[in-house]
Amino acid sequence: MTDQFEPVIIGFTCNWCSYRAADLAGTARVKYAPNVRLIRMMCSGRLDPTFVMKAISGGADGVLITGCHPGECHYIEQNYKALRRFILLKRTLTQMGIEPGRIKLVWASAAEGVRLATEITKMVEEVRALGPLNWDHHNGHQPLAISHQPEEVAA
Amino acid sequence: MEEITVSIPDTVKPKPIFLEEVSMATPGVSRLEMCIQCGTCGGSCPSGADMDHTPRALFAMIRAGMRDEVLQSNAPWYCVSCYYCMVRCPQEVHVTDLMYTLKRMAIREGYTDHEAAPDFSQTFIGYVEQYGRSFELGLATRFHLTHSPLRKVGIGTLALDMFARDRLSFVPTRIKGMDGLHAILEKAKAITHDAELTGGTQLL
Amino acid sequence: MKYGYYPGCSLERNAAAYDISTRAVARTLGFELEELDDWNCCGATEYIAINKLAAYSLIGRNLALAQQQLHASGNGHLAADGRAQLIAPCSACFLNLRKADRYLQEDAKLRDTTNEALAAAGLHYDPGTVFVRHLLEMIINDVGCDEIKRHVTKPLNGLRVASYYGCLLVRPRLGGELSDAEYPTELESLMKTLGAEVVDFPLKTHCCGGHMTQISAEVAYELIRRLLQNASEYRADVIVTICPMCQLNLDAYQTRVNQHFGTNFNLPILYFTQLMGLAFGLEPKAIGFGKEIVSAENALIKIQRSLEPAAASAPSRPRKKKEEGLPMPRMPEDEEVSA
Amino acid sequence: MSDELNLENAEERIGVYVCHCGTNIAGIVDVPEVREWAEKRLKNRGVVLARDYKFMCSSLGQELIEKDIKEHQLTRVVVAACSPHLHENTFRTACKRAELNPYLCELVSIREQVSWVHTDKQAATDKAKAVLSGGVERVRHHQPLEPLRVPIHPATLVVGGGITGIQAALEIADAGRRVYLVEREPSIGGHMSQFDKTFPTLDCSACILTPKMVSAGMHPNITLMTWSEVTNVSGYVGNFVVTIKQKARCVKTDLCTGCGICQEKCPKKVIDEVYEAGLGYRKAVYTPFPQAVPKFPVIDIPNCTYFQKGTCKACEKFCPTNAIDFNQKDEEITVEVGNIVLATGFDLFDPRRIPHYGYGRLANVFTNLEFERLTNAAGPTNGNIVLRDGKTTPKVVGIIHCVGSRDRNYNNYCSAICCMQSLKFAHIVKERTGATVYNFYIDMRTAAKAYDEFYQRVLEEGTLFVRGRVAEVTDAARLPGEEGKLIIQVEDTLVGKQRRIPVDMVVLSAGLQSRHDSKEVAKLFGISCSADAWFIEKHPKLDPVSTMTDGVFIAGCCTGPKDIPNSVSQGSAAAARVLTYIDRGEITLEPVRASINETQCSGCRICNNLCPFNAILFHADRMVSEVNAALCQGCGTCVAACPAGAISGTGFSNEQIMSQIEGLLLLNLNGARTQEKEMAFA
């Protein structure tokens, strides 16, 4: 690979739509940027803002949140709650001086493998353009030591 | 990271095969590769009956790399730009745009010495490059004098009717910014010329 | 309402009737057309056949000028989305401008090189900043038939009109065109609003031959013949057009077509703006009547005698549900037909 | 951090297994390197051994895991292979066989999410490492769980009374189980009841369908609910509660003998847009066709003179058994079922959308469904193939394939049945009228048992085939011989020339498309739709009649265009799946549920309103909330919302996700993480 900056992006996916979209992208051999690492949850409604904080403080350069299209939630309406949290979260992060472009919400149904892949590649390029998240992880200092286990502080 | 993006790489290969060449030289996305040979274009074409090859056949020949046969074909010159083929194509191939591309290639590669259509186009743009506006009378007369002197009589009577109703002018209108337009077109042609030399197919 | 106006070469002379009637209609309906300063030819269908980049630069100059002039002269010209609105009455000009804008947006390389060329005259165009619209589409969607109806003082009662769209306004679909690529109905509803009787005209979006009249007359004559044939089969008094090229081919070449096929068509070819003018009570001379080669006199007379019964009705297909035979499928316009 | 973590569960002994999946994974990911890396770098995270194997899912691969669990006292297992949706169960069962709680096993996807979607081998291998490391961190926090056991209600709901639904209902009913068969129309039978002949055998559609309809109608185990629609579905697999709206029939079914006098006497003639495809008439009180099941008519209220004008009541007057009841109201019926089969079928593509084919404008252009009625002995012309005028027999007929199909402007897919259907039409026209028949096709698709032989037969009968997609159908005559005809303009692509073929009748083989309301239906039953609004299978090849939603099955054309044989097979397949569930009596569910730690709950009630299933109840006395595990679906929204962190979601606890994040970011490795990151993209 080239020596250009390779961002790391943590992606939260919904078990019913976007995770299956990722599977579909796989079975259809749709190519996308390898910079994203996905986590499966039962529903985008499960997304605890602290997860995002954790990812960012842990050195992720961006966070991708995905869920079912509005009105298509497997649990009726929980993706709307995810949406609300996302908007709030985005505002908070912006206040902390984190570029809004580093966190993104994408709706992707189980049938939209190609779309998910496109969105991922797009976001990777956007974050690459933003460059590394501008605080230093080297000395183990964590600006946001958010954790449900206080002792679990990243080295 | 081109190789792992889902978008089609926007790179000009040094020696593209004929199919790629035609597709690339077409503005926007031609979708030529997507043709399923159903013949909707050939069936829809108002002048399809006069073409030596239907658009569909041309596309098959392009795939087969039959460069000479394709560029010698009269089909593009019979295209009346009605765009029926383009809106009806089940694969959304930009048929009409491709016909323009083939015309340009044919002219550039000297396949069209005795065609009427290219000369008409040449004459037409001749006036545009000279005045910035088209000039019907000049166009009609000059073109027909060189091409079908026999018909110019008929055209003549037609022209008279037009005069009688003040629909034809003797003198072309010349735009103020002619120098500017001239500079623009010269520059454009220069760029095109470079592209021809460097094989920048996409610009041709 | 204020719009940029790109008349195009034809409207200077051979289609002067279109230009005159357009400006007249604009005055009646109260929208303003600001002509683009020092516009140049759009290249018709010719330039693109010779040199792509030169063709796009030629059109690019107009778009660049429009961007400058219209964005400068204030919001009057701007659409809701902030694009400057440029009205083209000629279908070929309309398509060339609209298409160039679209492909310059899609094709980065084309955009950059075109601007490189424009730079030679200190010009620059940002694709998407100018919203190119055809006169008919604008009148239908911005003014609207209800408003137009208010201005109709001398309805065209009894005049049987064949609405002819030709190709380049309805095809290809680049967004924002009329209702359909092959069976649009806007012109018909406009004509009905003017009080005219609209005849069925299956070939309404077929080709007039374009530049073929110059290159391969026989091909063109046949295309023209089909149109005249079809229109007269449905007993049209006039064919109404929206494009100078269509008008020229159907009007100026009608006699030659008659010679060529031994037919005797005598169908005046008028611009829709001329019929609007008539219905608005404007003087025929003031809206370019008399410039057509095939005289429209009979048509004019007919409107005066509008009280007389209309001509024998045209061959019509069984559209309504009939007790004998099998019912026809229900069509959206059925209600309209029965009404 | 990691030191503490080490101590925290130092006792964990994790086994890591990396699958080659032949070359599917190994072709892109350097599997041995990943294994070695895990062994070396994740040692201090509890990984005691790491192996790679050609096919982990093979019995040998599974035995490998079982053996290790026993010999190396593994307490956790991580398999890096395909998607958990494919093989999670396989490996869990393997653990179970080795007496390790199946929920202590984690499957991470390095195939669908790595090797299949990336091309750069180094990048892919590095990502595989990160994904694996995420799994290892996550598995450390897994809890031994017991699957939830849910009883299966033995009754089944079948939605849609076409051939597919009938088939499914009969299979289940014959097995002695209760079925509620719900149909929107007044009679079951669906599209098949409108056909005359069926390809390729040409046996009479009614003759083979009617017996099935009758046995469905008579079957003691089938509750037939026609003129009805499902309005609400709640609950989950095994225990659905379904509300069905029974539209007012205005006919007392207990009194009606189906004698048909009411239909005779009804003065109001209505064009039958459904059963007769708009080609024939029915009365305002009607049964769609003579063999209708049930035999009871319905009153079409919007068209009934009495309901509209207040007078008439002819049907009531003449009904010998006083079965007419104008006062009937719509009824809501609630039933409990354990499983649901959706067989809602298809809509026909509307050819009016292709104006240049002239349908609706040109009298003698017909749709395929109209033509079926035209050829059907019970149809408006008693099976006579005539023009729209009702008398003239066509001398030349053109049949156009792919109308609205294989076309990006309309439906981009192949409708699968049109080729055979058009061949069938060609045969019937020849047989009944001797007319000249043209078939206009793009590609001839006759790929099923005895289909191509039928093509041969139609060729033999002298039908003319033109390979070309028809450009337009017009009545604008141009050449001699075209006057008064319909002209089909097409490029004969095998000749390479444009042709204009004058015909008397045009038949459009309009494609199949999803029901206009399939999106709403999908939402009602909690399943998903493809872009074309077809219902999506759990797995297109290996589980074609199941959906992502347990207990909801799909069969027939609602999943995509199908011919009758395929629809019937799917009906039976769905029935088999349902019967398996019923016979098992209960099914085990993922124990993914939320639970509230009362000591931590502050009673703020934020979670209460978040739950769409009302699974959280509040104990005012103790001021704490509690989750009803039976109702909880495990979405986890409340877990994320609880300000006190009092709610935990099994399977997806904060610890599990938090540590997976750390793993994915390689924070679990000792030493500066940034180096690791560079390593990760060396």
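Here the chain labels run A, B, C and D in written order, and each chain numbers its own residues starting at 1.
By definition in this document, a contact is a pair of C-beta atoms (placed from the backbone, for glycine too) under 8 Å apart; a residue touches a chain by one contact, two chains touch by 3 or more.
Worth saying up front: this structure is predicted, and the values here are computed from it rather than measured.
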Innermost chain by mean C-alpha position: D
Pair joined by more contacting C-beta pairs (A-D or B-D): A-D
Taking each chain's C-alpha mean as its centre, the one farthest from chain C: A
Length of the line joining the C-alpha centres of chain A and chain D, rounded to whole Å: 30
Separation of chain C from chain D, taking each centre as the mean of its C-alpha atoms, in whole Å: 47
Gap in Å, rounded to a whole number, between the CA centres of chain C and chain B: 23
Sequence positions of chain C contacting 2 or more other chains: 182
Chain A: positions in contact with at least two other chains: 1, 30-32, 34, 117
Two or more partner chains touched - positions in chain D: 118-120, 123, 356
Residue ranges of chain B touching chain D (in the complex, touch as defined): 1, 3-4, 36-45, 48-49, 53-54, 56-57, 84, 87-88, 90-92
Residues of chain D touching chain B in the complex: 118-120, 123, 356, 402, 406-409, 442, 467-472, 489-493, 496-498
Residue ranges of chain C touching chain B (in the complex, touch as defined): 9, 12-16, 38-41, 43-54, 56-58, 60-61, 102-103, 106-110, 113-114, 116-123, 167-168, 171-173, 181-182, 206-207, 209-212, 214-217, 219, 223, 252-253, 256, 290-293
Footprint of chain C on chain D - complex, ascending: 271, 273, 278-281, 352, 355-356, 359-363, 367, 370, 380-381, 386, 388-391, 474-476, 478
Chain B residues within the chain C interface of the complex: 10, 25, 27-29, 46-47, 50, 77-78, 80-84, 86-87, 94, 96, 100-101, 103-104, 107, 116-118, 120-122, 124-125, 128, 132-134, 136, 139-140, 143-144, 151, 154, 158, 161-162, 165-169, 173, 175-177, 179-181, 183-189, 191-192, 202-204
